[in-house]
Amino acid sequence: MAHIPLAATRSVTGIPAGRLAMWWVLASEIVIFGGLLASYVMLRLQHPEWGDEAAHTSTVAGAFNTFVLLTSSLFAVLGHRAAEHGDGPRAARFLWMTVGGGAVFMLVKAFEYTSEITHGYTLFRSVFWGFYFTTTGLHGLHVVAGMVAMGLVAVGARRGQRLHRVELVGIYWHFVDVVWIFLFPLLYLAK
Amino acid sequence: MDAGPAHVSGTAGHAPAHPEPMSFWRKYVFSTDHKMIGMQYMFTGIVMGLLGGLMAYAFRMQLTFPGEAVPGVGVVTPNLYNALVTNHGSIMIFWFAMPVLIAGFGNFLIPLMIGCDDMAFPRINRLSYQIFFLSAVVILVSLVVPGGGFGGAWTAYPPLSASAAYNHTPLGAPLWLLAVALEFVAFLLGGINFVTTVMNARAPGMGIWEIPIVVWMIIVASILFMASVGPLIAGAVLLLLDQVVGTQFFDPRAGGDPLLWQHLFWFFGHPEVYVVLLPALGMTAEVMAVFARKKLFAYKIILYSVFATGVLSFVVWAHHQFVAGIDPRMAHVFTVTTLLISIPIAEVTFAYIATLWGASIEFRTPMLWALSFVAEFMIGGVTGIFLGASATDIYLHDSYFVVAHFHYTFFPIAVIGFFTGFTYWFPKMFGRMMNETLGKIHFWGTIIAVNFVFIPMFITGIAGDHRRIYTYQLFSQLATDGLGRLRLVSTLGLIVMLLFQLVFVVNLIVSLVAGRRAERNPWRANTLEWVAPSPPPHGNFAEMPTVYRGPYEYSVPGRREDYWPQNVPA
Amino acid sequence: MIAYLVPQASSYAGHIDWLFTLILVTVGFWFLLAEGAFFWLCFRFRRRDGVAGQYVTGTRKEEKRWISWPHYLVIACDVVLIVATVYVWLEVKQNIPPADERVRIVAQQWAWVFVHAGADGKLGTPDDIVTVDELHVQLDRVYQFELMSKDVLHSFSVPVFRLKQDAVPGRTISGWFKPTQRGRFDIQCAEICGLGHALMPGHVVIESQEEHQAWMRAQRT
Amino acid sequence: MTDTGHSAMAGPEAVARPHPNYVMVWVILLGLLVVSILGPMMGIFWVTLITAFVVAVIKALMVAAYFMHLNIERTYVKYLLFTILLLMLVLFAGVAPDVMKRAGKNWEHVSPTSGAVERPRH
């Protein structure tokens, strides 16, 4: 396996390299989602009539998904606590539960998409739906990426390896959660 | 990868750190070593840069001799002309300036200069290069697909860029955008790596004011890049969907907004100028201090000015859009911020000039390049004021004045900056010295020729030549003999300049094969990379250095030597 | 300064040229000063045997003066330039004077369509005169234009007027000009608009009152 | 971040940080979620705005503080993220005058159906 460069072990800032890098990843993610959401908000304010389009999003599904993501975030942070106490298998269990939460989220999203598309609310119907599918789609990609990363970390954590990664993947997952916390009112609640 | 803890590898002298043989692929292609990745970036960038230069040759010839077959290229049609102009710009910025200055020198220098063995995340570093390489392949493919390369300018303003019905490049446009997006991802990964490494992995004793200025500037540039590129990545996703799937984010007929893209683009596009400027500025400072045998004048003022420039660079972007249909009242805001940004940049320039006071300047090739950077960049800097002032920009916008202005910034940045760094660190990279005579011939040829390329453009621009127009034959006021002669001077200057690059290629090959062996510290410099052997082995240092002082302690009174390396205890 | 190369044919052309000259003088001063100091220092402090470099940190107050004084001077210059710029911009782009005449300019790939208001001075009436690639205006009248685009971005650029304005599809952008010199001058598209970007030259024909009336009569028949 | 391979690198302050009661945080978040759903149902603009968006900000801050542990992270990470958010505000402020409205100083939107654009006469 890879050797560890000295560079990765130094910690002049007091924050380990992995976590420091994760914060920078989030900083660059914030501007990506920030730019996208700022664009959406401006165009939404330019087009009050989009409220009629937004009326066709399913608040119930959105609310349920918010609940699912919040709960999965709880599992992620409990996994982090377990990892900090050195309990790899327990951390792995929590991580798998988080992955399960992500899977439920994506499943609900899939049903939503199907229902919307069959009712004619496709990407092309209006710019609102364009933004709806683009933002939730980009967010969904992040969820899937987080699930994959979490699964990989969980496999290692079960054997007690690289437990510090549990926290990193958790931070990422919470960020994905936070993005959804803003997407939910922007797309589902504002009608 | 390589087994064994890296930080104990390497012995004194030139013995390679890893006696076990590495396969060619492991060593040169799939390496995780920061130096090799830096070289990969740099040489990919050089190849792309030469390609970009040849593109300039093709479209300048068309402009000077409209409709006639260009030797070696053939007839340049409007379609091809637009594609060449667009891709010349894109390639020179995204595939030459950025990979060479930030990724190339950044990768090579950062671990060496902060006294470390590698980047914090070597495999992410390798992934970054691989994505970058993929992006370079995609941009080249986009030039030869049916329909031709994308021709909507590097700014890719929709609706022209959003629909094949308008731009007639159904494959070229999405591939171009995809290549740009991939390139951004590569540099995001690289930037995160750089910043984390410098924040966390500095040698013991290296506080933030002992960091060499080039490292500082690469870090500030990386942060600027990371903080500004996000909206454009989001915009690129939207535009790609517009192009490929048929959404209408930027289509005004369906409620989209073309101006939104311009804002997203320039919110990144302007900081991007500083992203490539800062590394070049940093390398110039390093070289000037060494060959002037002087401490850098007011190191902290330079840094504070650079921070101020970085912050201000986020609030000036709409000066590219003064006549684009933005609210005229906003133009005042952006005029003020734009002219304000001249203050910190002027301060940096003053500090560089002041560094020469009381110096003992040795005019070696790297120093000539560094000095020419300052001299040429000033032209680009002062002409920017004309464009930052909204009212004069009404007239000069999208004219050749703009072209001349930003080439007087980008040429010093990308080309002069590259040669400054390359000739200076060549001994460290390859363990051999470059040929001084060939280097000076190359320098003078390039520098004299480049002024012949761009000074006439200021005049043709003021006379009304607009950009991206493949022939002026239809414009009675522009199809005059006088302007034609000025365009001819530009084109001849370009050809001469390109020919002089052959001298560089010859010098590169000759020096690589038969150059004089370089000792560890041929320039008697202070920074840590000169403590490592030339070229540094995997793991860089036989013994990890500790830092005792700042990087610019030259000609310190009372010392026998006129330099005082950072790692030598008092 | 610009007038040596391009004639001034609008009321505000002179003001833009004046601002250009002002900036040229200001930055020219700095440019010559900086380059002069730079080359002199390069020559004066070239390497000579037995002369070592001096140890100057640039941190003492009397040394920092070399940066701080020019720094304040730069700020002063900036303030002057900003004030002058704001003044000219207000006139050219922001405040549109009461219009004598109206004209609608529609850009498309790759032609200019000009809708002259005709005798009644109103757009959208039957006496509108529509021309392609040729704009006819009368001397010393304030024209207010409405600029639109049918497809992609274009830019309405009349060098002799010192006027440039992008045409954005989906928007009507207003502006003004007042021609001050008779003649026939180029209109260019200044925003890349596809294959025919170089192939959409327009002309502005600036006529005296009699000539303009005659042209309008000729159009009506 | 797959390259940092071992836990020995974790800084001195990584061991045994105090953990808040995560379940409690989660319950509060769910309570806020209910508020954010019920609020907009009243159909009053200001109530919608506050319950949907202000509550979203509170929820995000809670997740960031307690789940991402920003409350005990080094201060400059907070500053970093805050600066980045501020930058998005700058973007919004600079773009909004042109994109958020349908008309502004010297420009207005043309409705695509208004027929304002005329065919050229050739």
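Labels A, B, C and D are assigned to the chains in the order they are written; within every chain, residues are numbered from 1.
In this section, a contact is a pair of C-beta atoms (placed from the backbone, for glycine too) under 8 Å apart; a residue touches a chain by one contact, two chains touch by 3 or more.
Since we're looking at a predicted model, the values are computed, not measured.
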* Could you let me know which interface, B-D or A-B, is made of more C-beta pairs in contact? => A-B
* If you average the Cα atoms of subunit A and of subunit B to get two centres, how far apart are those centres in Å? -> 35
* Asked: Centre to centre, by mean C-alpha position, how many angstrom separate subunit B and subunit C?
  -> 30
* To do: Starting from the mean Cα coordinates of subunit A and subunit C, work out the distance between those two points in Å.
  => 48
* In subunit A, which residues are in touch with two or more of the other chains? -> 2, 4, 8, 11, 13, 15-17, 21, 25, 27, 30-31, 34-35, 38-39, 42-43, 46
* Where in subunit C do residues touch two or more other chains at once? -> 93-94, 170-171, 173
* Multi-chain contact residues (two or more partners), subunit D -> 1, 3-4, 84, 87, 91, 95, 99, 105-107, 109, 112
* To do: Please give all chain pairs that are in touch with each other.
  => A-B, A-D, B-C, B-D, C-D
* To do: Report the residues of subunit B in contact with subunit A in the complex, numbered from low to high.
  => 1-7, 32, 111, 116-123, 188, 191-193, 195-197, 199-202, 226-235, 237-238, 241, 245-249, 254-257, 260, 264, 267, 544
* How about subunit A: which of its residues touch subunit D in the complex? -> 1-2, 4, 8-9, 11, 13-18, 21-23, 25-27, 30-31, 34-35, 38-39, 41-43, 45-46, 59, 63, 66-67, 70-71, 73-74, 76-78, 81, 84, 162-165, 168, 170-171, 174-175, 177-178, 181-182, 184-185, 189-191
* **Complex contact set, residues of subunit D against subunit C** => 105-110, 112, 116-118, 120-122
* Structure fact -> Within the complex, subunit D is touched by subunit C residues 93-94, 96, 104, 106, 108, 111, 113, 115, 130, 132, 148, 150, 170-175
* Taking the complex as given, what residues does subunit A use to touch subunit B? -> 2-8, 10-13, 15-17, 20-21, 24-25, 27-36, 38-39, 42-43, 46-47, 123-124, 126-127, 130-131, 134, 138
